[in-house]
Structure formats: C-alpha cells, structure tokens
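What follows are several structures.
Both of the next two complexes hold chain A, though its partner changes from chain B to chain C.
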Partner chain A sequence: MRRGTALLLLAPAVLLIAALLGAPLAWLVRFSVHEGQVGVAPAGALTLAHYAKALGDGFYLEVFARTLGMALVITLVSAVVSYPLAHFMWQAPRRWRAALTILALSPLLVSIVVSSYGWMVILGDQGVVNRALLATGLASRPVKLMYTDLAIVVGLVHIVMPFMTLSILAALERIDPLLGEAAATLGAPRWRILWHVTLPLALPGIAAGTTIVFSLAISSYVTPAVLGPSGSNFITTLIWQQFTQLMNWSFGSALAALLLALSLAVVFGYVRLLTAAGVFGGPGRGAA
Partner chain B sequence: MATVELRDLAKSFGTAAAVDRVSLHVPSGAFVTLLGPSGCGKTTTLRAIAGLVEPDSGAILLGGEDVTRAPIHRRDIGMVFQSHALFPHMTVAANVGFGLRMRGIGGADRDARVREALALVRLEAFGDRFPAQLSGGQQQRVALARALVIRPRVLLLDEPFGALDRKLREAMQQELRELTRRLGATAIFVTHDQEEAMILSDSVAVMNAGRIEQVDDPAGVFERPRTRFVADFMGMGNVLAVEAGATGSMRHGGIELRADADAAAPPRHVAIRAERVALRPATGAPPEPNAAEGTLLDAVYHGSLTTGRVRLDAAPSTTMLAREASATQDAAGWRVGARVRLSWTASAVRMLED
Partner chain C sequence: MTALHRLVVALVAAFILAPIVVVVAVSLTDSPIPEFPPRGLTLRWYAHALSEDVFTTSALNSLWLATIATALATPLALAAAYGLVRGRFRGRDAIQTLLLAPLVVPSLVIGLAILLAFSGMGVRDVGARLVGAHVLITFPYMVRTILASLARLDPAVEEVARTLGASALRCFVLVTLPLVRPGVVAGMLFAFIVSFDNVSLSLFLTNARTNTLPIAILNYVEYNFDPSVAAISTMLVAFSLGAALLVERLVGLRRVVGG
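Entry: the complex of A and B
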C-alpha cells in the first residue's frame, strides 16, 4: 500500500482520538493551570498552585501511593488468577472454545455498576460469604468484608480478568504444541514443561495483560467508590469529589493530570524494562 | 543403544484403527524406517514408542524393558520432529542442554556434552544463537544434537527432513546416515518418501492401513515386494491381474507370463518393475511368453529416466510402463504413436500375495 493511502485510512482513527481524547485532555490541563472557573470555563490567572497543593500535601501523596499500591496488587492478583484459566482454555477441546470464551468475557457483559452491587450481596454482613461462615461455625459474628480494600481487589479483579485472560491466551495460542511434546521426550515432567517452556513463552501475553489491567485498575472509579472504605481511599474518588461536591474543577483537573502522569510513567517504565529483558521482540522471540 | 520391540501394538481413534496389531523387532544399532502413505499409521506408531500416544493394546519394549505405560519423560528417547520444535526462547546451547538439565546434569559436565553434541552436527560456533537466527537445515541439526546429547535408548525421527528442499534434504540424509552409524544408534525413522527410506535404512517396514505389509532390507522391498500394496507403493510401475495358464504359466488377457520362481498358490497379481521392461520397435513376430506388442501412448521425460506408456494389443484395457535411461539411444528414439514390442525376463516377474 502506498504511504498516502495508509495515512488516509488512519485518518478516521486519528481524528476520533484527537477529538474525543486530545481535546478534553487539553481542556483538563487548561483547567489545572488556572486559579478557578466561571461556569464551566477556566478563569483567573495562570498558576501552578493546584499542582503545588497536590504534591506538597502528605494527604494527597498518601492517597496516590495507596491507589498505586492497590493497582499493583490488583494487577498481580489478576495475573495469578487468570493464568490458570487461560491455560485451561488453551488445553481444552476446540469445541468448548466458544463457550469458554463467552464465560471468560462474562464480567464485561454486565455493567460495572451492577456487578459492583452484586458483590455487595456476596460480601455484605448479611451476604452469602458471611452466612456460610456463620453457618459452618468458622466465624462467630460477621466478618467485615464490604467497604474494605479486599472488596476493591475482589471486585476489580473480577472486572479486569477478561483482559488478562485473553491476552495470556493469545500468547499461549502462538506456542507450537510440539514444544511441550519435545520437552517431555527430553525428560521434562509436566510442571517443568510449564516452568521452562510454556510460562516463558506466555510472558509477552502476561506483559500485555498486566499493562492493560494496571491502566484500568489505577483509573477505576465505580468499584472503589461502591465497594471500598468510605472516605478518601482512591484518588479517583477524590477527583470525583472535587468536581461534583466541592466544585473545584481546577484542583480536580490537577489531580486527574497527575494520575494520568503517574499511570503513564509506570506503564512506560514497565514496557522499557520488559523490552530490555527481551520479552517484547528480542532475538529469542521470533518465529522459530 | 537398545533394541526396540513392538508386540501387537494397536491404537484406534474413534472407530478408525490407526495402528492395527503392529509387531516389529529393531535390533540394537539398527536403522529402521516406517514407510507408507499419509494415514498409514507410521507416525502414530512412532508417537506410541515415544509415549505421546497411548496404545489401546499391545506392548512396547525398549532394551527388553516394558515401557508401554511408562510416562514420556522416563523413556529416555530422543525425538526429532518435522518442524524442529526447538525452544524459540532458548539459545542453541540451552536447547541442546535441555535434556541434560532435566536429568540434573549441570555445570562443566553439561557444557562439555553440549559442545560435543554441537560438534557432532558441525554447529560448534552457533551455541549462543537463537533458533530463529539459523537456517532450516541448521535448526534440524540442532534438533538432532538435542535428541542425541542425552544418549537416548532409541532415536525417533518423524519426517525430520520433510520441510527441507531437495538438495538440503539429501545432504541431511547423508549426514544422519553417517552419524547414526558412527554412534551405533538405534533409530526409527518415519517417512513417506521411498527413496529416503532406502538411502537411510538397514531395513524398511512398509505400512498400509495401520499394518506392516513387509519388512525387508531396501533392495528387498524395492526388488521383491510381497504384496500389491508394496509393489504399487515402491513404484514397480506394472501390477497385472493374472489367471493361471497352461503348464505353470500365467495369463493376463492374451499375454502369457512366466516367472522363474514357484508360488505355493497360483497368484492373482504379478508385478514387473518398469525399468526391467524393454521397449523396442515392433517386429510382428508371433506371440511368445513375457512379451507383448502395442502402441506407444506417450513418453514422459523425467530427467535421467524416460517412461513410456504402452497400450497392449492383447489386453487393450491395460497400459504397461517401460522405463529406460533417457541417455540411451532406445529411449531417445521413442516415437509417440509408434508400434512397439515390450519384453521382460522371467526373473522380473514378481508373484504377489493379495
């Protein structure tokens, strides 16, 4: 294809991103460097005071750190939980594939709000888990599960799992099934095939999955708001407060811009690291 | 290395029998080829020996030890696959050392054996490369080194040169032949290429529909096929239905055939290798045994050989093949449409079992 044609075909996507992502982002940054607002427009003198406030206040820094920590935990947990599922889907008979894929995607078929409230039914004091604990005598009174960090992790892992599972599955599908057989004939029992052959070759998928899931987790709002502890636990809930309750759009914008910068910095550093380690590309990753 | 013994090995997939009571004895140090068309059960047999396919019944013995139910990783076999199956994320040295690592052999011992194995396939300088940086032939040599370095009881090769071009394939055949003879390796090789089977093997087992039809040395299966299938698969060219004729001779249509051997029962088919049929201008001489006149339908040039197809006067529904070196004056003078006389000796007539 000629270069001109390629650019022409790219144009709709580029325009869409520019219009729907670039423009609001620019608007957001504009807000963050103005003193305040009039109506829905930034107003007052240009200032970096909002950034100074966010970065200078231990409270905000702590919430940023907590958010980052939670996102990392969710990413790790979802990788650990999704790998076996992806491996199972990979090994399962072909005719099960469609049904299993729908099952794996099912968290995305339900609205995040609905599934978050669903978790309340399961994790609440009168919920399924606590009833079971009480009935079996494993607990004498309800264990606090709702409005905890654990509830956020459970609720978010559930939502982000499809992205992780399908990323890993895509990598597994590219593995020549003969590699496992070759390893077995060379004396490798199953677990050593998994450790020395399958897992290393699934790394690009795990890398892609963790990148996507981290970006989703660190910017998630509904799940932490519904399932998490009350008060300021996630940076996104603070941003929401600034916009809707305190009507301080400039400071909210500064927090949002900082969140985006943090997320980008982590993802960028991670991808650099993986590239250096040869997980993406590298001489050993070409088709054999 | 060890002997390999298959006893009444059987395996079905669904209702289709892939391997149907196969028995085979491979002496220590022998190179045996399982030869047959696709779907004949040769690969399934090989995979059963490796442990990659569990047989329904029968037994597999390696060096006298029954390994029929032994897990793959305990069988001490070296296997080479058509698609190499090299680990793409490991260097050549790590690939070759993999089997040693699985056996807990490490350090200097492993390094020395890996170097030795790479030297065997003349790839000493390539240890630090990744498989994707090698050519197809080099990759297959790495696969061979990886299978040999563990000093397996038997080397199993599943059409290892199928993906290589002809010239490279011939070079690899030569190399494999020398290597296995030098090491005294017991090897079982699977292929559908009869020429490859004959070049490599001490003995060839021709398979059809899950069974071994004939086991013989290369000249045996080539010159003396026992069954119609083997005759056909080994490219005899002419397989003729015959009836018992007068005084120990046989008839195909109006043609009388004589063989120089006696059959226990009168055969229903005979085979005559096309190369042993002489094609000359017709003489109009009266009919005689082991000769027939007809019309040359066409002459196909395949390089060093030329094949003529002849419709016989005495059996109009039969076309017989005659093949001669293209360089000879006779083949050069073949004229399509000409009247010709075919003749062959009694020793060329092979009586077949059904």
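Entry: the complex of A and C
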C-alpha cells in the first residue's frame, strides 16, 4: 500500500480523535489556566493559581493521597485475587475456555450500575452479609459495610479484576510448559515450581495488570460515589463536586488535568520504569 | 491442580458472580424490598419495570445511541486499522497509540472535556454530545479487534488478488473484508455493549429530560429501593451477556478486551 493511501485511510480516525479528544482536552486545560469563567467560556487573566491551590492546600493533597492509597490497596488485592483464577484458566482443559473467559470478564460485561446495585443489596444494613452475621450470632447489630472504604475496595476490585486476570494469563501463556515439567522431573514440589518458576515468569503480566488497574482505580468515579462514604473523598468525586455543586469550572478543570497527568504518568512512566528494570525482559514492550 | 487451588478459585468465582446472582435473585422476590434469598417467586417486578416510563424511554435512547455510535465508529475503525496494518510509514506506532488513547484517558476527564467544549461551542443538544462521546469511547475497541483480525490475515492472499488484476478497492471489498468479517462483527457487538452499559461518560452528558438506561437506573436507585431495579438490571445483564457470548463465539473476547 502506498504511503498516501494509508495516511488517507487514517485521516478520518485521526480527525475524530483530534476533534473529540484533543480539542476538548485543550479546552479543559485552557479553563484550568484562567482565573474564572463568564458563562460557558474561560475568562479573566492567565494564572496557575488553580494548580497552586490544588497542590498547595492540605485538604486537596489529602484527597490525592487518599485516592492513591486506596488505588494501591485495590491494585494489591486484585493481584492477589486474580492470580489463582488466571493460573486456573491457564491449566484448565480447552473446552472450559469459553465459560472461564466469560466468568473472568463478566464484571466488565455487566454495567457498573448493575453490580453496584448488587453490592448495595449484599452490603447494606439489611443486606445479605449482615443478615447472615445476625442469624449466626457473630454480630448483635448490623455492621456498617455500605458507604465505607471497604465497600469501595470490594466494588472496585470486582470491576478491575478482568484486566488483571487477562494480563497475568497472557504472561502465563508465554511460559514454555516444559519448564514446569523439567522442574517436576528434577523433584521440585509444587509450591517450589510456583514460587521459583511460574511466579517470576508471570511477573511481566502482574506488572502490566498493575498499571492498568492502578490507573483505572484512581480515575473511577461511579463506585466511590455510589458505594463509598458521602462527601468528596476521591479525586474524582472532588472534581464532580467542583463542577456540579460549586460551579467552579476552572478549579475543577485544574483538578481534572492533574488527574489526567497522573494517570498518563502511571501508564507510560511505570511501563518504562519496569522495562528499564528488566521486568518485561528483552526489547519487548508492556502490554499496556 | 490441588484441592486448595480449586477451593480458592471457587471462592473467587463466587465473588465475581455474587452481585450478579443477587440482582437476578432479587428481581424474582415477592416482597416489596430487595430480599435475598428471595421470598416467594414472582415476575411482577418485570411488569412493573416495563411499565415505568423512566426505564422504557431511556432504554430506547440507549438503543439508539449504541446503534448510531457503532454505525459511525465502524467505517472509521475499519479504514484506520487497514491503513495501520498495510501502511509502511514513520510514526505508525505513534498513530496507533493515538487511536487507542480514549482508553487511557479517564472517562470522567473525557466526559467533562466534551461537556465544556460542546457548551463552549454553543452545542447544548444532549444527543449530539452523547453520540460524540460514545463514538470516541467505542472506536478504540473496534480498532483493536479489527487490527487483531487483520494481523492474522496472510497478506499473500491480497497480493494474489492484486496480481490477477483486481483494483485495490475491489481487492479490499471482495477479499479482505469477507475474511475479517467475524472480527468486524465482534468489534461492533462489543462496541454496542460498551456504549449501552456506559455510565461514567453519560453521567456528565445527559440531563433530567434525556437519559440513558444506566443513568436512569442510577437515578432510580437514589430514591426507590423496590426490586423493579433488579428486574430491569437483569434484562440489561441478559442482553449484554448474550452479545458477549456471540463475541466469544466469533473471535474470542480476549482479542477485543486486550491484555
């Protein structure tokens, strides 16, 4: 194919991204460096005050730190929960493949409003868990589970799991099956094969999954808003509040731009860091 | 596979399925509040949900939106993927990264940016900004699926057609397209689900009068707790899982989702 033809084929798509992603993001950044707004347009002098406020005020820094901390917990838990499933999918007979794939991906295929509603029914004061706790006498009154950080972790781990599971599975599938057999022949017990052969080779997958999951977690809005404590306790809920309740579009835009920078830094920076550290082995690139 | 591993996997599977199973079960309960396990069995919440205007109107909106977004994204993605796979030019990787960028930018940021930019241009039509946002978010999944299908296609097949005198267009329509059709159809189905289920973009772009189904569900749950939400959710789940099964049959879901 001639170069001109290829570029012509790509032009509409590039224009689409430029018009619906590039230009709106530029407009958002423009908002963030203006003092304020008149109507729906940025107005006033150019300023970096909104960024200074977001990065200098203890309250906002605390929300950033809280979000990052929660994302870290969610990433760790999802890696621990996803690994056994990925390992199982890797070893399972071929005819189970379709069913297991649908199972592993189901959180992604079901709208987040549906799973959130499900968690509300499970974690509520009158919910499944509390009724079981009361019935078995493990608790004498309902334990508060809904509208807590725990509910956010549960809801988000559920949603991000498919990405972690698939990343780990992709890495496991690249392992030469003879390696495990060789280790077994040489007398290594199962746990040693897992610890010394399989896990190290699954590391690139875990690393790639970590990147995706972490950036999804810091930028999630629906789960913290629906299942979490009230008030602005996540970067995203804080941004939402700036736009819908306080009508402070410029400051909200600055927060949104910071969130964008943070998640791009995670996705691109982390992969580069891991590649440099040799996690991805050879000249290959991260799956993200 | 040890017994311990099986047990752990069973627990993980239970965790994955828990919210979905609970929603389906609750939709059948005969009590006025969501109860699990359900007390008695009834389909009246389905009748109730289908008689609620908020659900039926918004479901129709969602169907329209997903159809239009998919229809617009498909030709763009097909052309772009073909250009990427067959073209040889510098900056190919950069363009590919750019085309997949909507997956990397947080949806909340995309939603806000589109809301601000469209308002700034004086476009206040909810439909226009919803279509714009949904085309943007469904497009990368289609590019990825079609790229995967094209990559598995032997370029020799096309070369033969060209050598025998077929024009580039004829070769594409009569040779390439039929061979990648499963990939294109799978990409379209997945794009449809992504649009139909989307919350995080639509949340910013809908308003009180024009809604999508997931947003209507979200709003309904805020003030009502009756099991009709579970009924409408179950229908949504059945719809999405049905489409997903088709995608799995056609090309395999993993090719679409990536990872």
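Going forward, the second predicted complex is superposed on the first by the 256 of 288 C-alpha atoms of A that agree within 3 Å, B and C clash if a C-alpha of one lies under 4 Å from a C-alpha of the other, contacts with A are read in each partner's own complex, and residues count from 1 in each chain.
As a convention for this text, contacts are C-beta pairs under 8 Å (C-beta built on N, C-alpha and C of every residue); 3 or more make two chains touch, one makes a residue touch a chain.
A quick note: this is a predicted structure, and the numbers were derived from the prediction, not measured.
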Open item on the list: Counting residues of chain A touched by each partner, does chain B or chain C come out ahead?
Closed with: C
- [ ] Return first, second, both or neither, reflecting whether A:V128 touches chain B, chain C, both chains, or no partner chain.
- [x] second
Open item on the list: With both complexes superposed on chain A, which partner does A:A265 reach: first (chain B), second (chain C), both or neither?
Closed with: neither
Open item on the list: Taking the superposition on A as described, I'd like to know which of chain B and chain C A:I102 touches: first, second, both or neither.
Closed with: second
- [ ] Determine, under the contact definition given at the top, whether A:A277 touches first (chain B), second (chain C), both, or neither.
- [x] neither
TODO: Examine A:M247 and indicate which partner it touches, taking first as chain B and second as chain C; both and neither are also allowed.
DONE: neither
TODO: Tell me which partner A:L46 touches in the superposition: chain B (first), chain C (second), both or neither.
DONE: neither
Open item on the list: I'd like to know which partner A:A182 touches here: chain B for first, chain C for second, both or neither.
Closed with: first
Open item on the list: Contacts for A:H196 in the overlay, against chain B (first) and chain C (second): which applies, first, second, both or neither?
Closed with: first
Open item on the list: Let me check the overlay on chain A: which residues of chain A are in contact with chain B and also with chain C?
Closed with: 287
- [ ] Using the touch definition up top, name the residues of chain B that touch chain A in the complex.
- [x] 50-52, 71-79, 81, 83-91, 98-99, 102-103, 129-133, 139, 146-147, 150, 156
TODO: Spell out the residues on chain A that touch chain B in their complex, using ranges where they run on.
DONE: 176, 178-179, 181-189, 192, 196-197, 200-201, 283-288
Open item on the list: If we count contacts the way the header does, which residues on chain A are in touch with chain C in the complex?
Closed with: 1, 3, 5-10, 12-14, 16-17, 20-21, 23-25, 27-28, 31, 40-41, 81-82, 84-85, 87-88, 91, 98, 101-122, 126-128, 158, 161-163, 166-167, 169-170, 190, 208-209, 212, 215, 218-222, 226, 236, 239-240, 243, 249, 252-253, 256-257, 259-260, 263-264, 267, 287
Task: Complex contacts: residues of chain C adjacent to chain A - done: 1-2, 5-6, 8-9, 12-13, 15-23, 26, 33-34, 36, 76-77, 79-80, 82-84, 86-89, 95, 98-99, 101-102, 104-110, 112-114, 116-120, 132-133, 135-136, 139, 143, 168, 193, 196-200, 203-204, 214, 217-218, 221, 229-230, 233, 236-237, 240-241, 244-245, 248-249, 252-254, 257-259
